[in-house]
Every structure is written in C-alpha cells, then in structure tokens.
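Take a look at these structures.
Next come two complexes, and both contain subunit A; in the first it sits with subunit B, in the second with subunit C.
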Partner chain A sequence: MMIMENIRAHLGMKYNLVGVKILKEKPVDIEKPTRKLRYCEMVRKAANGEVITAEHEDIACPNAEVTLGFVEPVYVDIQPRISPAETKVVKVGPLDKIRDPDIILAILNPRQAMEVASIMDGLEAKFAGSMAVCGEATAKPYMEKKSNVTMLCGGARTFADFRDSDLIVGGPPEFFEELSKRISALSKTCVALCGCKTSDLSPRIIESFRKIGFEKGTDYFFGKVDGTNVRIYLNKDTHGKIKYITVHIPLRGVEVKAKEPLIVKKRGNWTDVAMTFGLGEAIDLNTGRGLKEAIMDILKKVSDSKVIAR
Partner chain B sequence: MEPEVFDLRGEKCPDTFVYTKVKLEELAYSGGGLLKVIVDYPPAAENIPRSLKEEKIKYEVLDVKKVGDKTYELLIKAPPV
Partner chain C sequence: MSVSPEFSAMDVGNLSYRYKDFIIINPLMRGGIVPKSVTERLCDEGWLEVGYNLCHDCIEGRSSLITKPNVKEFLSEIAVFFGGDEAEHTFGCRAAQFAVMKTISEVSPDGVVLSDPNSHYSTNIAAEMCGLKVVESPHTGYPEYKVEVDSVIEKIEEIGNPALVVMTHADPYYGNLAPVKEIGKVCAEKEIPYMVNSAYTGGVMPINMKDLNADFLTLSAHKSMASIGPLGFLVTTYEWSRKVFALSKSKPDWTGRAFGKKIPNVFGCSIGGLPLVCAMNSFPYVKERVKKWDEEINKTNKFIDAMEDLGDIMLLGERPHRHHLLHFETPLFWEISKKHRRKGFFLAEEMIKRGIVGLHKGLSKHIKLSVYGLSDEEVSKVLEAFKEVAEISA
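And now, the complex of A and B:
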C-alpha cells in the first residue's frame, strides 16, 4: 500500500504501520495463534511483519477483552472501549496485508510523532498510561473516529517488548490517508521551495529561462506570464541531479478550490498553487523546450479552478 | 472468618493482578482464607475477577463493592491447596 511506503519513508520508521480489523462475525477459516497473546504483543508482532487473527479465547489480557469489545464489563465501566461489545475476531498485520482496516497504528519515537503533529497541524493526545495499545490507541480512535496518541502502559512495556522511546499514534484510515497526502505534497512543494540553489546551474539552463523572460533568484527563477507572478523551482534528487521542476503561483487574497495535480496550500493571506513536471521529452532545461508550455498548463488549470476572492 | 486486608491503592494493572495472585497463592497454600483487596484503579476491579477465572486454583470472588470515588473492595475466597 502506497500510504505505508510513503509515511514510513518520510518519517524514517523502523516498523510497519499496523492495520487493525475488528470483525463482528467470525470468518470461515482463520489461522489462530499457537498460544494466548496480549493485544499489545499482537501489535508488536504485526509491526515486525506478522499477521495475527485472534478470537476472544486467544486474548491473554483481561483489559483488552473489554476494551476491544469482546465482552461487556461486569463490575466497572472501563473506558475507552469498543461498545457495544460485539467483537468476534481481531486481525492485525502490516498495513499492506490488512484489507480495509478499521484502525491504523504507527509505532513512533518522539521525533517522528513531532513530525506527524507538524504535518497534521497538531495531534490530540489523551492518555493515562493504562490500557494503552488496546484502549487508547485502538478503541478510542475506533469509537471517536479520530486519532489519539498514547505513551503506552506498563503491560505493553512489560509484556510486549516496547522500547522506552516507543509511543503509538492510532487513528482511522482517513487520518493516515491525509497524512500520506500531505507528505506527498510536502515532498513536491516544500522540499522544492527550499534549497536547490541556482548558483551551480549551467549557463545554458539560465539562458533557457532568460529566453522566456525569467530571472534567476537564489533558489528559483521568477517572471510574469499574462500578468501573473510565476516562480519555478528546480528539484534535485539526493545525487544533485535535477529530476523535475515545480511551477509555483502565489495568489494574494483569494481562495482556490483545485484538484490534483494542482497542489494548493494556504499561507496567511496568500494561496500557493503549485504543480510539478518531470523532466524528459516534454521539458528540456538545456534548450528551454516545454518550459513555456508547462507554465501555460498550470495557468490554465488555475483559471479552470474555482478562485474565490476573500 | 475475618478477611485479610490487602491494600493495593496506588497500583495499576498489571501489578494489581500480579500482587493479588501472589497473595492469594500464599493464602491458598497456608490453609485457605478470605482476602479483601482494596484498589483505587477502577479497571482492576473488573480485570482481577476476570483474570482469576484463568487460574488453576479455583478462587471465588464473593463481592466487588465500590467504596469511594475510585476505590473498590474485592472480597475473594482462596481455597486450601
């Protein structure tokens, strides 16, 4: 699944994202674990590549029996928990092996969680250091349909071999889809909108831009096309080779409703609209071939989009 | 028979169950008896009785009573082993 690859690569995650499926009916054939497991152990194993399917009788932790909705509590109303208790089977595994997961879990360190918070404009966290993987990371997001952060619990750290630096962000698939989408947009715009200095470019490339009326800035080329300010960033790969260009149009005082491949990002009173173009047959920086066409392409897409004055 | 009081206030799971289990085994192997466990971590009042069902020794949970905002008393009978 692209989501997992994208998020793992960006955050530098050691473990797989874990997909969790809560089933209210028992599938015909299930491969049961060879011994009883705690849910947090199951998640830890799934993060390392195993797929585990467990029924009530396979769950070793009495808290998880309640929080995952296998049984209703008898004496005390434990929260958070999946309610009503109709769970028959819980299946966990690496995200790419779990079809239509109900919840996704990411085992992160604080630096990675910070990056997620930054990308998602904040992360809500409610945790009490108990019933963490089953309750705080799974049941709570399942019931509330939003993400949560947990610092884990004594059970998870004692029995499931979580490290001191591990924490978990749990959330519905929509949360991780949005995270992946924002990471993709970042890699195409933010990475492009910094670095990639123009000072080491060959005179031929600079001349290509001059021919279409663009001047060289510190890390981009700028010019006006049909009265609109346009910036062009050159995006280098890790080996310093220019792989694609990002055409960037800053618009002031408007809101833009645009579809992919346009990337729209608000910045105070400005709205940045950007689009990336791969280099190859269509665009050649050494001759300038296709540059003007790329700019006209994005300008047309912007004019076809819904631009609302603020 | 007066129960022995076992105060586990301040403890959370899994320690609440682990300490209770050890204490109950002591009681069972010394002739059996009653244990009153006090916890102030509410989920323990739910999971201690549930976990005891899995034990080989047939403990009997006689009562689970709320005695404070978050405090519960569990009365458990340990049979002689």
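And now, the complex of A and C:
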C-alpha cells in the first residue's frame, strides 16, 4: 500500500503500519493463533509482518476483552472501549495485508511523533498509562473517529516487548491518508525550480501574505492591488536575518517620476518604483499584524507622489 | 546465460525516448545539445558498443594519458582554450568542484569557503563533503538578484580571508553573470585561492581564466560543451595542478600494491567513455560557436521582450540580460493554472503538445528556459506556442 511506504519512508519507521479490522461477524474460515495472545502482542507481531486473526477465546488479556468490545464490563465501566460490545473477531496485520482497516496504528519514537504532529498541525493525546494499545490507541480512535497518541502501558512494555522509546499513534484510515497526502505534498512543493529550495521563508510568513492576497514566488510575494502589480521582497541583512521589507511596483514601458522616500530604478524597458523600510515593531510577519496597513500606506505614498507615466 | 537477440527495452518498462525531434528549451540542456554530425559519427564508428571504449589502447593506466585517441592532447587543448595550464576530465562539474574543495580542505582544514548566493547546489555539497563551511555574500534581492563586487569584498574582510572564494559565473537561478573578473583581481591581491564555476558558460561564451585571475575553472560538458554526460573538466594553473592533481601515494599493507598513476581527487581514473569521446568530437564545433555569443545574446534579449509582450510576464535577473538562461515570473500562467484541471502542470503539458519540451512540470508561477542555439524559425515557434497557451481559458 502506497500510504504505508510513503509514511514509513518519510518518518524513517522501523516497523510496518498496523491495520486493525474489528469484525462483528465471524468469517467462515479463520486461521486462529496457536496460543492465547495479548492484543498488544498481536500488534507487535503485526508490526513485524504477521497477520493474526483472534476471537474472544484467543485474547489473553481481560482488559482487552472489554476495550476491544468482545464483552461488556461487568462491575465498573472501563474507558475507552468499543461500545456496544458486538466484536466477534479482531484481525491485525501489516497495513498492506489488511483490507479496509477500521484503525491504523503507527509505532513511533518521539522524534517521529513530533514530525507527524508538525505535518498534521498538531496531535491530540489522551493517555493514562493503562489499557494503552487496546484502549487508547485502538478503541478511542475507533469510537471518536480521530487520532490519539498513547505512551503505552506496563503490560505492553512487559509482555509485548515494546521498547522504552516506543509510543503509538492510532487513528482512523482517513487520518493516515491525510498524513500521507501531506507528506507527498511536502516533497513536491519545496518551492523548487530545480530540486533546491529557493528561500527559507517560514510557512507562517507565507500564510501571513496569503491572507492579504499575496502569493509566494521564489523568495518574494506577488499580487495585485486595485489592478496594479505589486511585489514584496523581504530584505535580509548580511547575516541572513530578515530586517527590511521592500514594496515594488514594476511598470513596463513608461517613464516615472516620484518623490522620496520612493526609489525609481530603470531596468531596461522596465521601471521599478520601490520603497524599503525597516520592519520595526509595527509589523509582525509571523502573525501578519500590521502588514496590510503598511503595504496600503506605501501604495498611498505612490499615488500621493503623483507617479507620472509618460 | 544466453540473452535473446530479441531482448526488448519493453522488458524493463517503456524506455522509448518521448522527446525525439522536440524543441528543447530547458536551460540546463541547451548548451549541451550534441551536433547531429557528432551523434551520427559516434553511432557509425561503433563507439556505443562498449562502455570502456576508450581503454583499448591505454598504456599508462589513466584515461587522461591515453594517446589513441589522443585524450592527452585534447585535455591540453581544453586547458589552453580556457586560458589554463592543465586540465583533467571529471565525472561532471560537481566532481571538478569536489577536487578543488578537497585540495583546499587539505591546505586549510576547517577553512571557510566564500560563495556567491546564487551558487549551484553542487558547490555547497562539494564543500560539505570536504568539511568546509560555506558563507555567502548577499545579492541585491528582487528583482535582479545581482552579485555585486562590494558585498563580496565586505564578506571577505568580515571572514578575514577565506580559504577559497567561489563565484558562479552564470548562475543557475537567474542567469546573471557574476563580476568574476573584478573579484578575481581582489582575490589575486589578497592571495586567496579563487574558483570560477563556469558550468553554464564554459563552451558557450568566451572565457579565459587568466583574465579572470582564477586558480580553478570548473566546467560541464553536458551543460555547455555540446556533449552527452556525465562529464566535466577541471582546469587549473601549474601553481595548483601539483596539489589538485597529485598522484596516489597509498600502499595497502598486505599486498604492497601501489596506484601511482591515479589521481585521488578525480577518483583515480575518471574513465570518460562515451561522454569523453563525444566531447572530443564536439570540441571543434564548440570552439567555433563561442565566437557567436554576441549574436546569441541579441537573440535572447529580443526573445525576452517578446515574452513580456504576452501579458503579465517579467524577466527576473539583470537587464540587459547577458546569458541565455532566463527566469520569468509568470502570473499570467499561474492565473490560468488556478482554474485548470491540470493545475500547475498544464503549462509544461500544453507546450509538449506543441512539440516543445523543457519547462519544469508543475510550475506556472515561474519558468526557466533558454533559446540558445535555436534558429529564428524555432524561436518563433516557441513564442507562438507560449502565445497560444496564454490564450487558453481554463
């Protein structure tokens, strides 16, 4: 499955993504495990390539019987759990071997989880250190149709050999499809003309300009204001820190006169009317605060200076 | 194991070349287009039949010393043509840059390389491979992105004499010509080793590295010397050739073997094979075509004006333009792409439908192209195609 390869390659994952199918009817032929297994053990084996199909009687952990929805709790409620308890069979395996999974699990280290959070604009995590693989990573996303992060539980680390650095992100297939899509977009939209990034402008700055109608070019922004082409370049100091903002109005085939602080520069049959000013405290590029006002002020100066087109 | 003579390229997927007889406008490729007479000769004479085609009469154990055909003499001619003393062929321009960086890293371990800000990525990779830190001088920013002498001098002074100054003669982003002569003068005065990366210029325009005060000139045969690749050249002076082309001194302890003819900095023997034979065949043509550089630049500047006549299109980089690599900002095409079902891919695909290939697929806000070496008729065809595409309503 492309999704699995894409995500694993990008994150540098050691293990397969695990697909989980919760079946409310027992299939005709199922190959049962040779001994009782804990659900977290099944997941661990699936991450290493095995496909395991288990009925209630094959599950070795009483908590997982409840969280996975094989049985209702008897004395006190247990959460999270699949409810109502109608599960007959649970099938786990590498994602490419599980058709139409209900839940997908990714065994990650903290660095990989951080990258997922960054790509997905945040990850929600609710965990209590118990019933983790079955409840927090599987039942909770199954019931809520959204992802969750779990730091696992003592059982998983003791009986299923999860390492100290392992955690699990569980989620519905849509979550992982979106993750894969965003990973692909990352590699395709690196602002490349020939495979190299042409600027280090942050996504926040790009978004700030987009909000006011300016699209990123290579390392600058372009747009129109009242039908006039406007270009905005963020000048760096000699050490590469953005210090100034320059608003350009490129005009073709005309002579232009303008007063200071506007600069008029000839470039072949083009004339650039431009103004550079320090970012100061009035503009916050990361939030976009003050940006539109500053640009409009400059454009007003251009018009007040009576730019003469001959 | 016997291999069927009916072995088909289809056995490993469709390997047919989709763009035969297309007009190529990719600026990386225009200077590397191989003359038809050369491709015919290479096929007719059987040079394609074996990878080691140059090695039959190798006596001395290094490709650059072969005299049948006369690679040794050819490399001498290359050195003279570019105003240097000695040349070696390399696995592309990047390998030539690596050889320089490796040499510098031995002379100045942990040294700082001052590079122009429009350098090709391979300059940075070569430095990185050799443990050298790259510091950039600033450019002038939008819309010309020029490298100016003063900012380079300021950086040299700030660093306190770098281990190497690198200038990209024509840069791969905007096709600007860097002030290589002026900076060479400064480097000579301060005795700083100076490398000019002329991957985009050596072989299309006249260059004499002595005039530039350059210690190293790096070249790309497949970018600018009418050759197939990968192939590059490193041209240097006698002052540096003993260091950069130093022979192997290693001697493994158990066998006691030695590789005294090999040059470690060019990976021993830079084989060459078909690319080198191709470059040798194309060289007379290259020597002639550089004399027509002014004509090419006139044609290029006329083309720029005609492109900008199409609408919201503007050349980035210096004006008048002094190189064939062109970078246009093209909001005109971007506006179409926003509503087109193929999004940014429409532009390259529409051009391909019209027999023109070379625009970067997926990009419509910006395009890079070249009409170097195209006939007037072909340039008109390119312009007409852009005009038709500009009139597409999404």
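We take it that the second predicted complex is superposed on the first by the 191 of 310 C-alpha atoms of A that agree within 3 Å, B and C clash if a C-alpha of one lies under 4 Å from a C-alpha of the other, contacts with A are read in each partner's own complex, and residues count from 1 in each chain.
Just so it is clear, a residue touches a chain if its C-beta (ideal position, glycine included) is under 8 Å from a C-beta of that chain, and two chains touch if they have at least 3 such contacts.
Note that this is a predicted model, so its numbers are computed, not measured.
**Student:** Is A:Glu144 touching the first partner subunit B, the second partner subunit C, both, or neither of them?
**Tutor:** A:Glu144 contacts neither subunit B nor subunit C.
**Student:** Counting only touches as set out at the top, which of subunit B and subunit C does A:Asn229 meet: first, second, both, neither?
**Tutor:** Touch partner of A:Asn229: subunit C, not subunit B.
**Student:** Check whether A:Val76 is in contact with subunit B, with subunit C, with both or with neither, and answer first, second, both or neither.
**Tutor:** In the superposition, A:Val76 touches subunit B alone.
**Student:** Thinking of the overlay built on chain A, is A:Asn63 touched by subunit B (first), by subunit C (second), by both, or by neither?
**Tutor:** Touch partner of A:Asn63: subunit B, not subunit C.
**Student:** Give one of first, second, both or neither to describe whether A:Thr246 is in contact with subunit B, with subunit C, with both, or with none.
**Tutor:** So A:Thr246 only meets subunit C here.
**Student:** Using the touch definition from the top, say if A:Glu178 reaches subunit B (first), subunit C (second), both or neither.
**Tutor:** A:Glu178 contacts neither subunit B nor subunit C.
**Student:** For A:Ser130, select first, second, both or neither according to whether it touches subunit B, subunit C, the two together, or no partner.
**Tutor:** So A:Ser130 only meets subunit B here.
**Student:** Contact-wise, after the overlay, does A:Phe159 reach subunit B, subunit C, both or neither (first, second, both, neither)?
**Tutor:** first
**Student:** As a test of reading the superposition: which chain, subunit B or subunit C, is in touch with more residues of subunit A?
**Tutor:** C
**Student:** Looking at subunit A, which of its residues have contacts with both subunit B and subunit C?
**Tutor:** none
**Student:** For subunit B, which residues count as touching subunit A in their complex?
**Tutor:** 12-15, 17, 41-43, 45-47, 49-51, 64, 72
**Student:** Taking the complex as given, what residues does subunit A use to touch subunit B?
**Tutor:** Interface residues on the subunit A side: 62-63, 65-66, 73-76, 78, 129-131, 153-155, 158-159.
**Student:** For subunit C, which residues are in contact with subunit A within the complex?
**Tutor:** 28, 121, 136-138, 141-144, 151, 154-155, 158, 172-173, 305, 308, 312, 314, 316, 319-320, 327, 329, 331, 334, 360, 362-363, 365-366, 368
**Student:** For the complex, give me every residue of subunit A touching subunit C.
**Tutor:** It is residues 188, 193-196, 198, 215, 217-220, 222, 229, 231, 233, 235-236, 238, 240, 246, 248, 250, 252, 267-270, 272 of subunit A that touch subunit C.
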